[in-house]
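The structures considered in this document are given below.
After this come two complexes, each holding chain A, first together with chain B and then together with chain C.
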Partner chain A sequence: MDEYIPTERGAGWSQDQRAELWLVCIVVGLLIAMLVFVLHAAWPSFSHNGLGWFGTGGRVDGQIQAIFTSGDLKSTPLYVFHAWPLIWSTALITGVAVVIAFGSSLFVAVFIVEFAPDWLRGVLEPVVRLLASVPSVIYGLLGVLILVPLIGNHLITQQEKASVNPTVQLSGYGLLAAILVLTIMVAPIMIAVFVNGLRAVPRNWIEGSLALGINRWRTFWMVAVRTARPALVAGTVLATARALGESVMLSMLSGGVGFAPNPADGLIFLFEPSRGLASTILFNTDELSSPPMQHTLYAIAAVLLFSAVMLSFAGWAAKQPMKRYGVIA
Partner chain B sequence: MRSSKKVLAALTAVVVVLGAPAAAIARTTIFGSGSSAEQPILNLLFKAYSKLHKNIAFAYNPDGGNAGVKDVQKGRSALAVNTRPPLPSDSGTTQFKIFLDGLCVAVNPANSLGNLTISQTKNIFLGLTTAWNSVGGSNLSATIDPIGRNSTAGSYTFFQSAVLGGKTQASNVNPQTSDGLVATAIKNDSNAIGYVGLAHSQPGSGVKTVSLNGVACNQTTIKRETYPLFRYIWAVVPTAHPSVPVEKFIDWVRVNHQAGLIISRAGAVPAFNK
Partner chain C sequence: MGGEAADEALRGDRVSVTVSPAPPRPLGRVPTRRPESSASWRLSDRIGLAVAWALGLFFCALTAAIVIYLLVQGLRYVSPHLFVTHPTAGFSETQTGGFLDPLIGTGIVALIAMGIALPVGTAIAVWLSEFGRPAPLARVAEATVEMLAGAPSIVLALFGALIFESPLLGFLSQQTNHVVLGRSFFAAGAMLSLVALPLVVTNVREGLQAIPSHVREASYAVGKSKVATTRRVLLPAARPSVVTGAMLGLGRVIGDTAIVLVLLGATLNLQGAGGPAILSTLRGQGSTMTSYIYENAPTGEGNQPTKAYAAAFVLLMIVLALNVLVDLAGRRARELRWS
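Let's turn to the complex of A and B:
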C-alpha cells in the first residue's frame, strides 16, 4: 500500500513533480482531445436525430445503406438513424457474458488462491494469463469453424427455423455463440485480476478468522472475498470494457444483421442473430468515404467511448465505500 | 548509464543492418488502393512484376473500390483497382479493363440443386422463397439459409444491381465480412446458399457452384461473357499526369502471357492476355 506523502509546499515544485504534472497534463489532454474530436465528427448525426438516435424505428441496415448512398449523390445527405437494435445487441451480449463470467471467475479465483494444490496452481495461473492474451480473431475463427456449425446443425430444429424465417435466419450465428465465446474471452481477465486481489488480502485476517473456529469456506467467503471487493470491481470493469469494444469476434459469430433479438420469442431468442455497435463500425469501415456515413460511424464510436468513460466512473464510484477495509486495486 | 548507451548502440546497429537492403537500390514505390476482393490476385501480380523489375515496389491499401477512386482523384494513390464500371462521379480519372472476374452462386455439396434462374436467385435473397421444396431441382425440403456479403462489399453492390434489381437483400440473409467466411458458412450448413467470387468456389473450398440460367460458373463461360454474373476489374489512374511506371504495369497485366497465367491461377479470368 503506497500512501501519498505530502512534501513541503513552500519549497516549490521539484523537478520530479514538474515532470509528473506534465505527464498527467499530456495524458488527460490526449483523452479530452480524442473525446472532443469524436463528438465533433459525430455531431451531425446526433443533431439530426435527437434522442431518436437511441430509439427504434425502421430497419437499421436499410438506414445505413441510405445514409451511405446519399453521400455519393449531390442531393442533401440523409442522416435518419435509429440505433436501438445495435445498442440492444451490445448491451445484451456484453451484459450476459459479463454476468456469467463474473460468477464463474470468482469461483475459479477462489479455488486457485485458496483450495488448489501447489502443482495445479502452477499450471492454472500461466494458462489463465495466456488465455487472457489470445487475440479475439482466433476465438472468432474457432467459433465459426466449431461452435456455429454445432449450434446450427444440432441445437436448432427445423420448426424453430421456419417459425421466424421471413424475418431472420437461425443457422448458428447468433446470441448463444456470441455470448459463450465472449464469456470465455473475458473470464481470464477477471480471473487474473481477482486472483491478485484475493492474494493481497492480509494473511493474518484470514488466520484470525480460522482461529475463531470458522470453517475455511466461510472464512474465505466472508473475509477474503469481502476484503477483495475493490479488485472484483476493477476486474469486472476491465472485462466489461473489453466486451464492449469487442468487434472482430462478434462480427464473425453474432450474425451480421441489425436485428434486436426479442426475449418474448422464448428459447429461439438465444439463437437469433444481431449486430452490436462495435461490429457495425467494423462492418462499415469501407463506407467512410461517404461524409454522412462517416458522421454516423463517429456517432456510434462516441456512444461506445462515452459508455467506456461512464463504466470507469461507475467502477470508481462503486469502489469508494469499499475502500476502507478493502485491498487496493 | 553506460550500459543503456551500449544497448542503444546495439539497437541502432540492428536497425541499420535490417534497413540496409531496402536502401541498397533506389526503388520506385507505386502506391495503390482500392478493391479488397481483388487483393489476393493483385498481390501475386505485384510480386511477379517486382521480380521482373527490381526497381519497382508496390504498396497497396485495400480500402475498397470506391475509396480507391477517391484516393486517385485526390492524388493519394497513383493506381486504384475497382470492380465496377466507371461512374460520372469518377471525373478526373482514366479507367482500363484489366481482367475478368465472376460471382458464383454456391450451395452445400449435400444439395442436389444444379441450376437456378436469376429470378429464383432474386426471390431467395429477397426473402420471397424461403424453403428448398419450393425451388425445383433440390433434394432438400428445409428452410433456405441465404448467406450474403455486408453492404460495403463490392460483391454485394454487384449482386444487388445484377440480381436483386437494386433492392436490398432481405433481413433473413446472413451477411458475412469476407468471401472466405461465406464459403465456410455454406460448407457447414447443408441448407445454405451464397454468392462468392470465382476464386472462392474452387473444388477445395467445400462448396458447389450452381449454373445460372443454365450457364455454369467457370473461367470459360466468364471469358466468353455468357455467364450472367461476370464483371470486369478496372484499373484507375489520374487523367492528368499519370505515372509512367504505373502505365507500364497496367499494360503488363493486360497483355503479358505470364501475367495471364498468374491471373488464372489466382482464380480470376484473363481477358486480353496473349
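Let's turn to the complex of A and C:
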C-alpha cells in the first residue's frame, strides 16, 4: 500500500504518525520492562537453589510454608525450594489435555469444514465460539459441583482411597477432573484456528485429488490437512499457552496439594491430586508481603513466562519449513 | 544439475503463483453435484467419518448441557433482589446477600480496561497495517502483541502487583500506613487492558487488510492525505471489525479471574480508599462477578454454591449477549463486501 503515495521519511513524519510511534514504544517498553522486572524479582530464588530449583527433594508445601514464615520473623530468609511436583503437574495436565484436544479438534474441524451438513455447520460454529468464550471460573464451578462429586463418589472405591490415605486424599479433586475440563477449555481454541486454516486450502487442489478417484475422506486428510499444517501448529501453540497459564480452573479442580502424581500407582494415578505452577502463584498471592515468598513466586512466574515465550518461538520455528506449502496460518 | 535447479525454481514459482494472488475460494459447498456417499469407502474411512460425526455432535451436546444446566440452576436461584443487595459475610443462603458490588465492579473494570485497550489497540493496528514504518519497530511490536496474547494472565497479575506497588504508581492504589498494597481498580483495569489488547489489534488489523487497495487509491486520487484516508475512509469501513475486537476483548476482560483475584483483592464489598467519591472507589479494592463465583464455589472461602450458580448464570448471559453482538458485527462485515 505504501507505493501509491510519495513517502516522506525521518523528520517529515506527521503528528499522528509520531503519536502512534510513541504508543507502540510504550507497549514494547512495557513488555521488556516486564521481563526484566520479573527476572530481577525472581533472581534470589534461582541463585540460592541453582538447578535444584527444578529438581525433586522434600515436600514442596512445607518448603513454601518455611519460605513464607522466614520472611516474617526477620531472621535469615530461607529459599530452599524444589519445584518438581509443581512442574510435573503442569506438564502432565497440559500435555495430556493438549494431546486429547488436538485429536478431537482435528476431527471436529475437518467435520465442520467438509463433512457436516449445512444445518449442523450452522450450529457448530457458534457453539465452538461460545465454548471458547465461557470464563474459566464457570468451567471450574461446573467441574467442582458436577464432575468432582461424580468421580469422588462413583469412580474411586473406598479401597483405593484407603490404599493411599496417609500420603494423599483421593476425593475426586485430581488429574482426571482437571484434564477433562482443561481439554474442553482448549479444544474450541484449536478448532477455531484449524477451521480457518482448512478453509484457506485452495479448492482446486482438493478437486485435483478427487478427480483421481480418491474418496473425499482420504482426499481431505491427505491434501487439506497436510496443507493446513502451519495452522495446526499455530492452533496447538495457542491452546498450549492457554493451558500452561490456566490457574483459576486448575486451582479449583486439581486438588491443591503439592504432590507429584506417580504413574507407577496404576489406575489410582488418574485420581491423584496435584497443583501446577500457575495455581501455586494464585494460592499464595496473599503472601506476597513476605520478601522471600515474593522472590519465589516471581521465580515461578518467570518459568511460566519463559515457557510461554519459548512456546511461541517453537511454533514460529516449526512453521518456517511449512511456508512453501502456501497456506498462511 | 542446472536443469533440476531451474525445474525446482519453476515449481516453487508455480506454487506461489497459484496460491498467493487469488484469494482461495471457500471450501464446503460443491454446488452442482451431490457429494458421493460413504458406502463405497473403506471401513477405516467410514469409521473416521463416524468419529467426526460423533465428536461434532458431542460438542453440540456439551454446550447444550452447560447452557441448559446453568439456565435451570440460574432460574432456581436468581431472584431480582440479588441484583440490588450488597454481599455480606455469612454462613447461610439468606445471610450472604446479593451481588450488587461484584456487578458494579465488573462494570468498572470493563470500562477501565476497554478505555485503555480500544484506542491503544486500534492505533497499533492502524500503524501496523497502514504505515508499518520503521519496519524493524513494527516487527518488534507485532511480536510483542503476539507474546502478550500468549502470556499467562497470572504472570500479568504478578507483574501488575510489582509495578503498582512501586512508589511512583502508589498513589493509584490503597495505602495503609504508607504501605502500598498495589491493589485497586486502576491496577486491575490497567492489567486487564493488556489481556484485551491483542484481540483488538488482531481484529482491527484483519479488518483493515480486508479493505482492497483500490479504496485507498480512490481516496488518494481525490487528494486526501494518508492520515485523512485512514480517519475518514478506512476506519469507518473497518468499524465492524473494531466492534468484533472490542467485544471479544470485553469477553476476555469480564471472564478473567486471576488478575482480579491478585490485583483487586477480591473483597466482598467495594472498599473505598478515601478521598473524593469516585476516585476513592477506583483507588480502592472490590470484586467482580468472576471473583465472586470463585469465592462462593465449594473450594472458595464463602462456599455458597447457590449464590455461585446465580452469579455464574448472570455471567454466562453477559457472555452470550457479547457473542450475539460479535455475530451481528461479523454479519455486517460480510455484507460489506468489496468487489
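Rule of thumb we're sticking to: the second predicted complex is superposed on the first by the 299 of 329 C-alpha atoms of A that agree within 3 Å, B and C clash if a C-alpha of one lies under 4 Å from a C-alpha of the other, contacts with A are read in each partner's own complex, and residues count from 1 in each chain.
One rule holds for everything that comes next: a residue touches a chain if its C-beta (ideal position, glycine included) is under 8 Å from a C-beta of that chain, and two chains touch if they have at least 3 such contacts.
The shown structure was predicted, so the numbers you read here are calculated from the model rather than taken from an experiment.
With both complexes brought onto chain A, simultaneous placement of chain B and chain C is prevented by a clash.
Within the superposed three-chain model, A:Pro126 lies in touch with chain C and out of touch with chain B [touch as defined at top]. Touch counts on chain A: comparing chain C and chain B, the chain ahead is C.
With both structures placed on the common chain, the touch criterion links A:Gln169 to chain B but leaves chain C unconnected. Of the two partner chains placed by superposition, A:Ala317 touches none, neither chain B nor chain C. Of the two partner chains placed around the shared chain by superposition, chain B is the only one that A:Asn284 touches, whereas chain C remains out of contact.
Using the contact criterion defined above for the overlaid structures, shared-chain residue A:Met252 touches chain B and also reaches chain C.
Once the two complexes are laid over each other on the shared chain, residue contacts for A:Ile64 go to chain B alone; chain C is not touched.
When the two complexes are overlaid on their common chain A, residue A:Leu145 makes contact with chain B and with chain C alike.
Legend: residue contacts after superposition of the two complexes on their common chain; A:Ala211 is shown touching neither chain B nor chain C. Shared contact residues on chain A (touching chain B in one structure, chain C in the other): 144-145, 251-252, 256, 282, 285, 288. The part of chain C that touches chain A in the complex is made up of residues 12, 15-16, 18-20, 24-29, 35-36, 38, 40-42, 45, 48-49, 51-53, 55-56, 59-60, 62-63, 66-67, 69-70, 120, 123-124, 126-127, 130-133, 137-138, 140-141, 144-155, 157-159, 161-163, 194, 197, 213, 216-217, 220, 225-227, 248, 251-252, 254-258, 261-262, 290, 293-294, 297-299, 305, 308-309, 312, 315-316, 319-320, 322-323, 326-327. Listed in rising order, the residues of chain A touching chain B in the complex are 59, 61-62, 64-65, 68, 72, 144-145, 148-149, 152-153, 158, 161-162, 165-169, 171-173, 251-252, 255-257, 259, 273, 282-289.
Partner chain A is touched in their complex by these residues of chain B: 36, 63-64, 66-67, 70, 89, 127, 130-131, 142-143, 145-146, 150-153, 168, 170-177, 181, 184-185, 188-192.
Every residue of chain A that touches chain C in the complex is listed here, in rising order: 1-2, 4-5, 9, 14, 16-17, 19-21, 23-25, 27-28, 30-31, 33-34, 37-38, 41, 104, 107-108, 110-116, 118, 120-121, 123-124, 126-131, 133-138, 140-142, 144-146, 184, 187-188, 198-203, 206, 215-218, 221, 224, 237-238, 241, 244-248, 251-252, 256, 278, 281-282, 285, 288, 297-298, 301, 304-305, 308-309, 311-312, 324-327.
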